[in-house]
Each structure stands twice: as C-alpha cells, then as structure tokens.
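Two complexes, one shared chain (subunit A), two partners (subunit B, subunit C).
Moving on, here comes the complex of A and B:
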C-alpha cells in the first residue's frame, strides 16, 4: 500500500507530462469501448433485423436452392412437401417462391428477383398486407426503399414485368407499385420485387411450388426428404462473421491510438529512470531490494492507466451514454455494404466490455512500464547515487 | 331463304379470299429457299445500341445447315479472338483473355449475346418453325411499299420461348421484312426488321437485320451482312472444339 502511495505521489509529481500521458491513454480507452460497443450493437441489430425481416425462426430450403446462384431458383422451385402442408395451412410456415425476371421502368431493363409471398403472412416484418389490393388491373408489387430509389420507382408507378414460366416461355404483364417499405436488410430490398405468392405461382405455372419455407417459432422442426432446415444461427452466421471482419479492420484505429499512448508511457518511464538514478540508488542504499524498486517504477507507470480510466470516465461517459441512447447515423445505405445496417446504430456497451477493455489496457501499460524498469535491476547503487549508472 | 343465300354468299367470299393466299407451308418453304443454304460463310457487323453509346463488333461466321456454326470475333480489340462453336443444341465459347473454353448451357443460354438484344437461345433456335408453331396466313399488309403476307405463328409446343410470332413476308421476293415475337398475354416482346434486300447468288437476302427488345428504349442491335457466300465448301475441322483455341 505504501508502495502504491509513493508511486502515485511520484507520478503526480511529474505534473503536466503525466496528465498528457493520461489523457492520450484515456482517448484509447474511450475509443476502444465506443468502437467495440458500436460494432457489437451493429452485430446485434443486424442479426435482430435479419430475423424480423428475412428468416423468422429459420427456413427450410429446397435441396437444390442456393441463394448465391440465381440459376438454382428454377430447379429448386418444387411443390411444397405434403408433410409440411398442415403447418402452411396454419401459417406456421410461409412458402416463398423465387424466380428471375426483368422489369422495364421508364424503358430501362433491370434484372430482378420476383419473390412470391402470402400477403397475409405475419412471420416477417415485410408489409405484405399492401399486396391485398383489388382496385388495380395490374399485378400489385411492393419493393424496398433502396430498390425504389435505384430504379426511380414511386407508389402507383406502372411498368412492364417480363418473366418466363416453368417451360421457359416468355410472358409479360404490367405491374403496379402498391407500396414501398424501408428495411435495413439488403437481401429483402436490393433487386427484389415482392408479389402475392398465388399470383406468382399462376404466372410461372408452378402451382403450390416454393423454394423456401419460413418457419414460425411455434412450429416444430421436421426432417423432410429433399428439404434442409437452416437454423437462425446458421442463417445469421455470415452476418456475424462479416461484423467480426469489420471489427478486426476497425481495431487498427484503436491499435494506433494505443500505440501512441504506450509510446508516451514508455518514453516517460525511460526518462524518469534516467533522471531519477540518484533516487533509485538512495532507495537501494536505504534497504529496498532492486526488485522492489522495479516494482515501484512499474506501478508508477501502470497508475497512468488507472488515472486514464478516471479521466476517460469523466469525459467519455456522456459520449458513451449518447451512443447507447441516441445512437449514431453514418448516412450510409445498408444495401451499399451488403449487410443489415439500420439508419441509426446504437452502441451496446456492457460491463463486460468496459471491464475487459480496462484489464487489457492495464496489462499493456504494465508491460510497457516494466520493460524500461528492468534496467534498474542491473544498476550499481553507488554508481546510481553518483548519477552514472546509465 | 334470304338468310341462307346470305350465308352462302358470305362463306363463298371468305373461301375465295382464303384461296388468294398461298399455303403457309409454301410461304415458309420459299423463305427457306432464300434464307437457308447448305453452308454459309459471312462477315457480319453488329452494332449494339446501349445506354453508354453504340458498340460495334465484327465477326466471321461459318454455318452448315442450322445445326452447326462457328463464329470468330474480328474486332474490337477487346473481343478479338473470341470464338463460339454451336453444335446442334450445345454452345461453347472461347475467350482469349481467360484462355478458356466455356460451355454455355441451361439458364446461361438465356443471357444476352455480347450485351446485344439477342440471347444465346435466340441464336441457337434452329428447330423448323412448323415443328413448334401452327402457321396461318392472316392477311396482307404493306411494309416499306412492299406488299406482304402476314403469317401468324402460334405455339403448339409448351417449351417455346415466344408463344406467338407474326411474320410479314414480301409477296414477291419471299423474304420476311418484319418478325414480331409475342408473349402469351399478347404483349409484343421483340421485333426483327429486315431490310436492304439484295440478290445474292440468285436468292433474295436481307443485308441488314435489326433486333429490338420492344420493352426497352433504344435502337436495338443492328446486324449488317458485309459479305455472304452460300453453299461454299467448309472444312470439317472448322466445327471442331479444337478450333476454338
């Protein structure tokens, strides 16, 4: 305890230099917590939104269905299995039929994916109720806000849709935009045109066919030949991995800040040991072991981190509170980066994250403080008192 | 009695009118006499009108009947050396940039050829029309001051790309001047306009064809036959996969 007191006094005695080090270290401390918090918040939000908008409690995929291979959509559009029909009838499973098509808004050709879904479904947040319109001769469709912006589509716009039926024969009809919805999940929005399932089945001559079945939490998972069940964890794996990759990329920023702080601590320690040779010699002459003196100087350096936590808490807490409660907007569209991303991202700052960051910084500072202090162990006390040990 | 006379008169007029039209088979056979040959060697300029301007490509094509064809792109530099080999219903493409031969099959055949308004499938379709469609001569119209028979083709098979087609066939020269391709709903999807009809080796042949996706804005894809020779000898090795590299 006495050692801590003397180390603390010595450090404070350094004056402005100490507070400069402490401030730089506190920036790293706060920055690590905020950036990690935002990434954690993003990951949670991305998974949460993907569940709400796209996967509910998991999906059954037809064996040949591959979401990354549009050519698999035709071959994987098959009749829904009879054993799952009761769950479909009770809306515990919602079939989705997917097929490629082209739209011609303002005479421009644009490849799209037609996604047929039951307008009365309640498993996903997609506002499919808007498809329940009867006051139009055209086929009602809904599209995401990004898709609408990319193709300059507005509600009630009418344009031509061209698709092929199951035999490969071209068919074309006019469609009307019945609604535009805003989502942070790009796979629901980008390049997708949603329309009533029955209508799409009729258009493509694929009666009662689907590529995937979306499962409600109330439905039990059944083993169905030719269909594979994909759990929420499996379906959100890539999202989590992507956020993790981004997290590694972002860690470069705080690594640089931490490096700067550690350089400052290291330099201060080096200078301190060089200037305070007489003090070190006297302490050893008075009976302190070299190990105790090394420990004293290491502790002195490490207290920088403890002060940084205090200073960081003073100026960082309001910022962290703002990030958690109000969030931050990056003015980026999720569709541009290909991963679910809300307009406003809220940081998820947990006690675990704060304590973990504190321990990490404390350890790094202790190591950086110890490295220059090792020189003390090799000092001759008489040479040190004369100020010629180094 | 008066009504019966009217019906007889009405039917007689219709029968007489129908009798004026040549048979559908006769028209389609005469078109084949002009357009088809045992072998053809031609140099074609393809102008693709797109959103970013017009791209021009030149290619040399060797065909044997409607089952085998070999195409080599001569320009622009970016496409030069690209080769396509079609054997019956199979298609291979060689790209010099990747130095690889790729088989185009299944759904890939539905993609556009070099960004044009034509799909590989459009290019590959070689089944005689009468095997896939029921033909009816439905009238006479004038196109570019030429009197034409209007032949309507309606699909009799399920796996056709276009449910119906309409051909305007020059009554005198038996060359189609226009071909419209329709969806089942009756919506016009594509139009091919044939012009600059010239006599080549004793047959009438359109030197210019314009393929146009009618749902899209733009001027479509123009193909100009810069040279064409019918029934020339083509080496067997031309239609060999080894010729692609």
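Moving on, here comes the complex of A and C:
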C-alpha cells in the first residue's frame, strides 16, 4: 500500500510527461475496446443476419449436397422424405431446390443458381411473397440488390433463363424480375435467382424434390436416412471463422497503437532510472530494499495504465456510446467482402471486453515497466546516492 | 555512555582494474550515545566509505562494524534496510531530496515507510519542520528552495523518525558560510535536545568548529581521535 502511495506521488509529481504517457495509453485502451467491440458486433450481426436470411433454426441437407460443389446439386435433388412431409405441410420445414442455370440480361450470359422456395414461407426474411403473382406470362423471380446491380437488373425486367431438366435437356423461358430485396447476407444474394419452388420443380421435372429443408424452431429434429441435419452452430461456423480471420488483420492496428504506448512507457522508465539514480540511492538509504525500489518503479509505470483507464473513460465513453447506439457506416457492400455485413455496424461493448482489455493493458504495462526497473536491483546504493551507479 | 557504534579492525577494499584499492585499513573506533563526532580528512581518506558501512549501505571486506548491536556484515539486505529505516538518518552533501515531492512529502516519506498512521505522520512532520524553521514552506518543492533550505529539509527528513544515529556526509559542502552555521546550529540543538548521535564526514573547517569529537583519517587509517 505504501509503495502504491509513494509511486503514485512520484508519478503525479512528474507532471506533463506523465499525462502525455497516460493520454497515449488511453488512446490504445479506447481504440482496442472500440475495434474489438465493432468486430464482436459484426460477428453477432453476421450470425444473426445469416440465421434470419438463410438458416432459420438449422437445415436438413440431402446426403450428397455440397454447397461448394455445383455438380452435387443435381445428384442431391431428391424427393423429400415421407417422414418429414407432415412438417413440410405444416410449414415447419421449407424445402429449397437448387439448380444451375444461365440468364441472359441484355444479351449477356451470366451463370446463376436457381433457388426454388415456397413463396408463402415465413422462416426466412427473404421477401418471397413477391413471387405470388397472377401474371403467368413470365416466370416471376426475385434477386438481391447486389445481384441486380451487378447485372443491371430492374423490377419488371424480362430476360431469358436457360436451365437443364433432370434428364439433362436444355430448356429456356422468359423470366420477370418481380422484386429486388436488400440483404446483408451475400450467400442469398450474389448469383442467386429465387423463384417459386413448385415452378422450379416443374421446370426441372423434379416433382416434390429438394436439396435442403429449412427448419422452423418449432420442428423437432428427426434422424432421416439419406439426410443430415446441420445445426445453427454448424452452419454459422464458417461465418464466425471468417470474422475471426478478418479480426486478426484488424488487430494489427491496435497492436501498433499499444506498441507506441508501451514504447513511451518503456522509454520514460529507462530515462527515469538513469536520471533518478540519486533518488534510487536515497530511497535505499531511507530504508527501502532494492527489491522494494524495483517494485516502486514498476508500480509507477503500471499506475500509468490505471490513470489511462480513467482518462480513457472520460473521453472514450461518449465515443463508445455512439458506436453502440448509433453505429458506424462503412459504405461497403457485404458481397464485396464475402461475409454478412450490415450498412451500419454496431459495436458490442460488454463489461467482459472492457475488463479484459484493462487487465491486458495492465499486464503489458507492468511487464514493460518492470524490464527497465530490473537494473535497479544491480545498482550499488553508495554509487547511486552520488548519481554514479550507471 | 552507551556504545551504539563499534568498529573493529575494519578493512574495506574496492576492486580496481586487476587489483584492489584499500579505502579503510584496520580502523578501530567506538561511538557512544549522544556524540557529535566527525570523521575528518582529505578526499580519499576513507571517511565516506566508513560512513556508508556504518549506515549499512556497504559491507566490510574484513573486520566488523556493529551498529546498535547488529553486525553490519552479517545483515541480509532486508535486515539492513530495516536498520536504516528504523534507527538511522542520513544527510547528504547534495541534499538528495525527492524532487517531485513537496517539503511535507519529503519529510513524511520515512514515516510512510514505517507505516505510521496519517494523523501521527502529519503531527510529527509539522513538528519537525518547525524545529528546522520551515513551517512556511511545506507545500514548496525542492526546486523552489535555496540550498540552505534544502539541507534543512534533509535534516528534518533525517530527524522526523527520531533516529538514534544520524550520518551526515559533507552536509555543508554546497552551502555558504551563513547557511552552514545555521545548519550546524540546528543539528547541534537536535543533538543536545534529543540526544541523537551525529557522525559527520567532512573536511570543512566550519563543521570541525562545532564537533565535540574529531577523528582524523588519513589513507584509510585513524591518525588522531580527539575529544574537544
């Protein structure tokens, strides 16, 4: 306690130099919390949006279905199992049929994935209701905003669609854009054309077939031969992993800031020990052991971090509040980075994050303060008193 | 008179290059309670080295130094620190005040190390500063004080815990004649009123004039020991 008191006095007595170090350290402190908060918020939002737009409460995948292998789509399009039919009838499961196709907007050819879904489904946020149209001239489809922008599609645009049925025969028909929806989940937007399930089944001669079944939270998971149930955790694993990978890159920024702050603390400590040799000798003469003096100087450096928390709280709290409540807009399309990303991202700043960051900075500062202070243990006090120990 | 420091056949050698320099060569001395004694001699005679060993800041190469019944050579660093903290006061040529502390905080420091309660600390600091005539400077920092005032703060810091022994190394070396006399009179007063033992290391004639016992050192040996 007395060491804390004496160290605190020495630190405050150093005036402006102390406050400069404290301010630099507080920048690192606030920045780490904000960046981590944004990444955490992004991760939460990415998972939430993926659940709302794509996964619901999990999916049954036909055994051969592999979303990364387009050749698996045809072989995995099979009749839905009889034991799951009652759940499908009660809309507790929504089948999705997926097949490859090409569209020809304004004469250009573009490979797409046709995704057939029940227009009346309510498990996903995709506005499939727009597929319910009385106009039977063209096949109604809906596409994501990114897909529409990439292919210069507008509502009511009519263009040719070419696909192959289950026998491999090429077919073609005109389709009409019945709706364009905005989503932050790239996998339901980029390269996907959504159309009524029954229509797609009819077009591909795959009556009552599907590749995946989307599950409602009210449906029980059943073991069905030939079908694998994928839980939400399993299906969002890659999203979480992707955010984590991106967070490593972002972490570099705050490590640089932290490094600068630590450099300032280290430099001050080194200079202090050289400049304050006489003081060190005096402290020993007054009855402190060299070990206590080492602790005194280590504490002095570490208290920088504690003061930085206080200073950071003063100027950082309004910024953090803004990031949590108002969020930040990155003006970047989710599809460009391949991961769900909302227009506005909200930081998720939890007490755990704040306390964790505080402990981390406190430990790093303590180590950085201790390293130069070790020199004191080797000092001869009689030389130190005269300022000639180093 | 109770003996508080006993120096027996003390030899202190320092490594120099491949050999050794002998700073003290067979010193035998005794200091009693309430003495106002001085180690006098030219530079290099060994007076500061002897003072450092008595102050448990250094250890003998050979022989023994017993301070308040404790053999300095046998003390662990912690025990030596304990001895300095509780029983010894130091006054240095360059004052060695803690520059970022105020006068009050400098004088309070030894009491902080002794874990004395805040109210008692305040009382004793103010009382000690009154002795040395610095009651009006308690919030000043060392940089705002004159050399004489700094040395008076150093005396207050040494005296605030009422040590049995005060070791003063060239306390007037950086002071003018006027301030030197004031400082010496303050220390003499404390010696007479509190019976604190003072041992000086000096070659200043002004200090020598106040000493009640003069021990002359030359080349690490005692050449004269006179009670005035």
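Note that in this section the second predicted complex is superposed on the first by the 389 of 390 C-alpha atoms of A that agree within 3 Å, B and C clash if a C-alpha of one lies under 4 Å from a C-alpha of the other, contacts with A are read in each partner's own complex, and residues count from 1 in each chain.
We adopt the following convention: a residue touches a chain if its C-beta (ideal position, glycine included) is under 8 Å from a C-beta of that chain, and two chains touch if they have at least 3 such contacts.
Because the structure is predicted, anything quoted here is derived from the model rather than measured.
Residue contacts after overlaying the shared chain place A:173 against subunit B, while subunit C stays out of touching range. Contact with neither subunit B nor subunit C is seen for A:225 once the two complexes are overlaid on the shared chain. Of the two partner chains placed by superposition, A:352 touches none, neither subunit B nor subunit C.
The partner that reaches more residues of subunit A, of the two candidates subunit B and subunit C, is C.
In the superposition on chain A, A:318 makes contact with neither subunit B nor subunit C.
Subunit C makes touch with subunit A in their complex at residues 48, 52, 55, 57-58, 77-78, 81-82, 84-86, 90, 92, 94, 96-101, 105, 109-110, 112-115, 157.
Residues of subunit A touching subunit B in their complex: 70-71, 74, 102, 104, 106-109, 160, 162, 164-165, 167-173. Residues of subunit A touching subunit C in their complex: 2, 5-6, 9-10, 12-15, 278-279, 281-282, 284-292, 381-382, 385-386. Interface residues of subunit B facing subunit A in the complex, by the touch rule stated above, are 51, 106-108, 110, 155, 158-163, 181, 183-185, 187, 189, 213, 215-218.
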